[in-house]
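Have a look at these structures, which come just after this line.
After this come two complexes, each holding chain A, first together with chain B and then together with chain C.
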Partner chain A sequence: MASKTIRRMISIGLLLIMVIIFSISSDVFLNFGNIANLLKDSAYLGLIAIGMAFVIIGGGVDLSAGGMACLVGILCVRMSTMGLNGFLIVLAGVILGMLCGFINALFVTRVKLTEFVATLALGFVYSGLTLIFAFRDDRGTITSVAIPKWSSLRAFAGNVGGIFYITIVWIVVAVIAYIVLTRTTFGLHTYSIGSHAKSAQMSGVNNDRIKMLGYIICGACVGLAVVLQASLLGSSPLNIGSGYEFQAIAACVVGGVVLGGGKGDPISALVGALFFKTLMNGLYKFGLATSWEYILQGGIIVVATVFDAVFNRATSKRLLARAQ
Partner chain B sequence: MRRMKIIAMLLVLVMAVGFIASCDKPKETTNTSNNDNTASNNDNSAGAPADPTASSGSSGSTGTGALPGGKNIYEDPIKISVISISTAGIVNRMYQMALNDQAVRYPNVILDYKDAEYDPSKQVTLIEEAITQKYDCIILECMDPVGVNEAIDKAEAAGIPVISTNAAEPFTVHSLHVAGADYSSGWKGGEELVKLAGNEGTAVVLDCPASFKPGARMGTGFEDYITQNTNIRLIEQIPIENWDAAVAQTSMRDVLTKYGPGEITMVYCSSGDIANGAMNAIDAAGRADEGILIWGFMGYPMELEAIRDGRMAGTMFSDTYTQYAALFYIALNHIATGLTSITGGYTATPAIEQPMFPVTKDNVDDVMAFSGWYMTKSMNGK
Partner chain C sequence: MEDRTDKTYEGAGGAENGNQNDTVNTEANDGVFLEAKGIYKQFSGVTVLEDADFSVNCGEVHALMGENGAGKSTLIKIITGVYTKDAGELYVEGKSVEIHNRQDARNLGIQVIYQELSLIPALTVTENIFLGAETAKHGWMDKKAMRERVQSLIEHYGFDLDPDAVVDTMGMAKRQMAEILKALAFKAKLIIMDEPTSSLSAAESEKLFETIDGLRNRGAGILYISHRLDEVYRLSDRLTVMRDGKIVGVLKKGEIDPHTVTTMMIGRDVAGDEDKGATKRYEDHWLEVKNLSYSHMLKDVNFTAYGGEILGIGGLVGSGRTELIRCIYGAAKRSGGTIMLDGKPVSRSIRRNIRNGFGYVPEDRHAEGLVPLLNVEKNITIASYDKLSSASLVNRRKEIAWADKAIKDYDIRPPMRTLAAGSLSGGNQQKTILGRWLSRDLRLLLLDEPTVGVDVGVKMDLYRLLREFADNGAIVVMVSSDLAELVYLSDRVLVMRDGRFFEEFTRGNITQESLLLAASGVHTEEGMSL
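Moving on, here comes the complex of A and B:
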């Protein structure tokens, strides 16, 4: 069996074990409402994680995702108050996200800043712009404004048979992203620059172009995630995306996307986000202190990273042995 | 391959043991917090001037049982979800202590403290979680007055009263809002500072985080008073991320670098932690003798001690302990009567605005005397 399949099965297996344990130990875990809410919560993080997977697999990282989400969110709510059609707002959210991703990519590929510094700095810039575009009252004080009741953007908070639209979008995007990464030349090139950028370049891959596309896709996912989340919340609080860049990275890592690049796929990010949110959802049932939430999240990231390192070493050895 | 299998098995085992251990946790505690100050429940009564256990009579002796649509608050198992913006800091310690102290009388009541970690989406998740788990009441320290509305509506529709407290008041109609008078306390702080400094000079505002501005309006109150009624020049208005003392200290340090001796008359701080950071920056810069007037908010122990020692000009005092102790009984009343905004037919959220009063060197000893026991306890974390 391919090592990728084994790794995926382990992630899904752990997720299933967790679900079984929570289902047995709590009488409210395995009910439809809870599962629908769990999937809805996972979708917001999961969509950002899918975008992040493109960047990480390509050997980069995007620390601006949180600030980007805050900016796109507030702009979309502004559009809703202007009476723009809901579909157009969603589209605008995606385009704005892509624009932010493009700016990130410019700083990485043209200005040649390291990805960590460029995206960290731009994250701050996006957060600052969020405050500039924030709603203010007559005296100039920041205030919160809801998406108007009449806005068609609110329709995106709906559900089909209890499953929220954002969940459906998440799964569809994950499948499309999987196909893009595993069945297209762009996907192949993303893996190749993530595995060994120099070799990829020498093989004729346009590294900068591939990186740029990765950031743009990441931005699109963030934009889509936040506009759907804003429709669910009925507004876009100024910190709607704060901290989600790290959660998304953590989801990717736990799902099996290797931080160094070249390994993993969007389904790994999906599983990782679901894993984290299932863990949190389950823990809420038992009234554990927040301190334990942090400890468990951190512990799981460490265990997943160590496991990946051991697993990858073992896989390499196995392949080497087979080659000999 | 075999090695991988062993590792996978080990991981599964560790996870399983971890979760099973986690699942046992609530059984160890009955009616208390699951946070660091859980112990305060049991050792409080001796320290309190009015021992809640002693003064109550026996539990259940005065009740008439549940009213129609409500629960028997003395006998029925009751779960209250307390969802805060963050469980860090002294304000959290104080309100958990206040709630836990009251819960001593009701062994059937479970208080479940939840931390939204400054994440509005997580706060919504926690409200929905309380609905899923059929909690009897939600006490909510709201982060954004709009973002939680849908979740609050769902809770009220499910018969769970939502009582919001402090920070932002949700715009949607719900069971009750209890809070300090933010705006007017900022205004009053301005009045008091002008009394001390005169009508001229400069002011720095170390305000709440920008994302909290829709709800936390003490800084706005201060600014409005200063700009509308005095010749004092507002030279800096800085939002302090996460209300954090260290961030406040850094910001104040930068302000001190920018403005030389005698160029800053007063500093208005939107929380006790922020005031603490400002004081530390002034001390560290060796400018404590300049007479920069610092004004705080809430009147937490460190603020009162600083006022007594002459490091701060004053603060607005809010009796957080009493506020949350009262909230506990208000929550029980809602549970006993089945009162929600829906059953009550509310068209607007009833609100209790807790008065705040200024504390300066003149009355700080009196304030410390009446609030001393719980102040000391919250400071010591006992």
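Moving on, here comes the complex of A and C:
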């Protein structure tokens, strides 16, 4: 069996074990309402994680995703107060995200900053812009403004038979992303630059173009995620995206997208996001304090990374032995 | 080829004979340092080492040769404690020993100089040597003591090294010296070198050989692993040849000749391999380079290569040969001159050139050729998505068929599409990269050191593939440091020196001696015989 498949089965297996444990130990975990809510919560993080997966697989990282989400979120709420059609706002959110991604990519490919520095810096810029675009009262104090009741953006908070739109969008995006990464030339080039940029370039891969597309796709996912989340929340709090860049990276890592590039896929990111949110949801039912949530998250990242290192070493040993 | 090869080795050996007579002094420290008896090793049911008897003396350069997979690395890894043997005995200086890990080996005085050097580039020679074993005085590093220790080692062994030089400012040869010095600092009695010259130029290699001669004279045992017969011939007192996990034989100096060694290594006679007649030239397909220059590395280079022809580019490392083909491919941006293929100008973009039927096998496959995490299939198809996809959607069935065909055509082993390319042996990695290009309808193939680190058997396969490929009408331009390779394969050889063409040789006049002389700046006189 391919090591990829084994890794996938392990993360899904752990997820299932967790679900079983929570279902047995808590009578409020396994009911339709809770699961639908869990999937809704996972979808916001999950969408960002899918975007993040494109960048990480290509050998990069996008630390601006959180700031970007805040900025796009506030701009979308502003558009809704101006009476723009909901569909157009969602579209605008995606386009704004793509624009941010494009700017990230420009700093990486043209200014030649390292991806870490470029996206870190731009993340701050996006956060700053969020404050500039934030709603203020007469005295200039930042206030929270809700999406107007009459705005058609609110319609995106709906559900089909209890499953929220955002969940459906998430799954659809994951499947499309999976196909794009595994079946298109762009996808395969993404893996190759993440695995070994120089060799890829010598084989005719346009590294800069692939990097740029990766960031733009990441931006699109972030934009889509935040506009749907804002619609669900009825507003876009200033911290709507804060910390989500790291949570998304964490989801990728836990799902099997290796930092440094070349390994994993969007389904890994999907499973990773689901894993985290399920854990939090289940533990919440146990009444665990928030502090423990963070500590557990940290612990899981460490365990997942150590596991991957050991697992990859074991796999390559196995392959080598077979090759000999 | 047999004939020509013999001549070089005699030539190369002859040049060094004077040197060696002065230095070889094995009698003085004649003693067996390491002895292995009946070593046996299995990996998941496959026997990789069988009944291996082997020994290295003090004050001896002992070469170890064998094709990839012959068991050389396994043997070395057992000696150095990376693997543990399944059966057999190891003796160091007559005493039976068990080596469980690297530390055990180090404590017994066995040190390895790795192909990929282990020095930290940002630190000085002294800091590197004492890394992890710093001499401290009351918790403070005693820099002075460390420096003095290194200085005295340098003087003792007569190395040309500065203890305060920062490693990343040093050339590869000096780095290797520092690496050796590090081994010596830890009282190494047996130094194992694995392909030490693979990243050195000819002059640097010669320096290394002198260093090795010096170590031998001071009683150190050297175990020298190499694919290069000329080096082994130049250096070794004894040579052990391995094949299929067994020791095939041990040759003493004087018994070592290329033909015997090659035959022992591949287990059959290679003499019949090299009947080459005149090759057909396709005049309607040509690559024309005019007044090509590239910063200070290339000056006014002019040549024309034709379809059906293998054009060899000789010269020393740094003579501009690598830059020349990188400029043609678009990997380096030429600063002047024109390059035309069939009368049409050649682009400066790699992608456009690939679409026009260019292929490039880089000098360092790890740095620029292989995508190690991706599997063999993707490594082959990566340059051919123009043919394997429509509207940027990849046709999986076509892709798999394409890769399977290449694996079969170019005999990539093990023949597994899904194996990570990084886990293949060097020779098969090279076949994979070659397969990437040959599976396309190439018009021009550019090769830089196509057989570095590749064993003899695979080398012959590669030569056959390249010859067939050229015979089908493609242009092949091949840079190589391997003189035997240039002689064997090229229809013409252009020798470069200081960024210019120095001399041209055509089939019939190409000999290793004349190539070597031209590379070092001596024109071969008409009718001069060597």
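What we mean here is this: the second predicted complex is superposed on the first by the 324 of 324 C-alpha atoms of A that agree within 3 Å, B and C clash if a C-alpha of one lies under 4 Å from a C-alpha of the other, contacts with A are read in each partner's own complex, and residues count from 1 in each chain.
We adopt the following convention: a residue touches a chain if its C-beta (ideal position, glycine included) is under 8 Å from a C-beta of that chain, and two chains touch if they have at least 3 such contacts.
Because the structure is predicted, anything quoted here is derived from the model rather than measured.
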When chain B and chain C are modelled together on chain A, clash or fit: fit
Per-residue contact with chain A, leading partner among chain C and chain B: B
Which of chain B and chain C A:314 touches, first, second, both or neither: first
Touched partner set for A:242, first chain B, second chain C, both or neither: first
Centroid geometry (CA): angle chain B/chain A/chain C, rounded to a multiple of 10 degrees: 130
Chain B versus chain C as contact partner of A:186, first or second or both or neither: second
Chain B versus chain C as contact partner of A:296, first or second or both or neither: first
Which superposed partner A:211 touches (first chain B, second chain C, both, neither): neither
Partner chain in contact with A:8 - chain B first, chain C second, else both or neither: neither
After superposition on chain A, the shortest CA separation from chain B to chain C (Å): 11
Intersection of chain A interface sets (partners chain B, chain C): none
Parts of chain C lying in touch with chain A, wherever the complex brings them together: 43-44, 46, 48, 69, 331, 350-351, 354-355, 360, 362, 367-374, 378, 381-383, 385, 389, 392-394, 396, 414, 418-420, 422-425, 436
Interface residues, chain B side, partner chain A - complex: 1, 3-4, 7-8, 11-12, 14-16, 18-20, 22-23, 25-26, 33-36, 87, 110, 112-115, 117-121, 124-126, 128-129, 132-134, 143-150, 168, 171, 210-211, 213-214, 217, 220, 224
Contact footprint of chain B on chain A as seen in their complex: 6, 10, 13-14, 17-18, 21-22, 25-26, 28, 31, 33-34, 37, 41, 44, 131, 134, 139, 141-146, 157, 229, 232-240, 242-243, 280-293, 296, 303, 307, 310-311, 314, 318
Partner chain C, residues of chain A touching it in the complex: 2, 183-186, 188-189, 191-192, 194-196, 198-206, 262-263, 316, 319-324
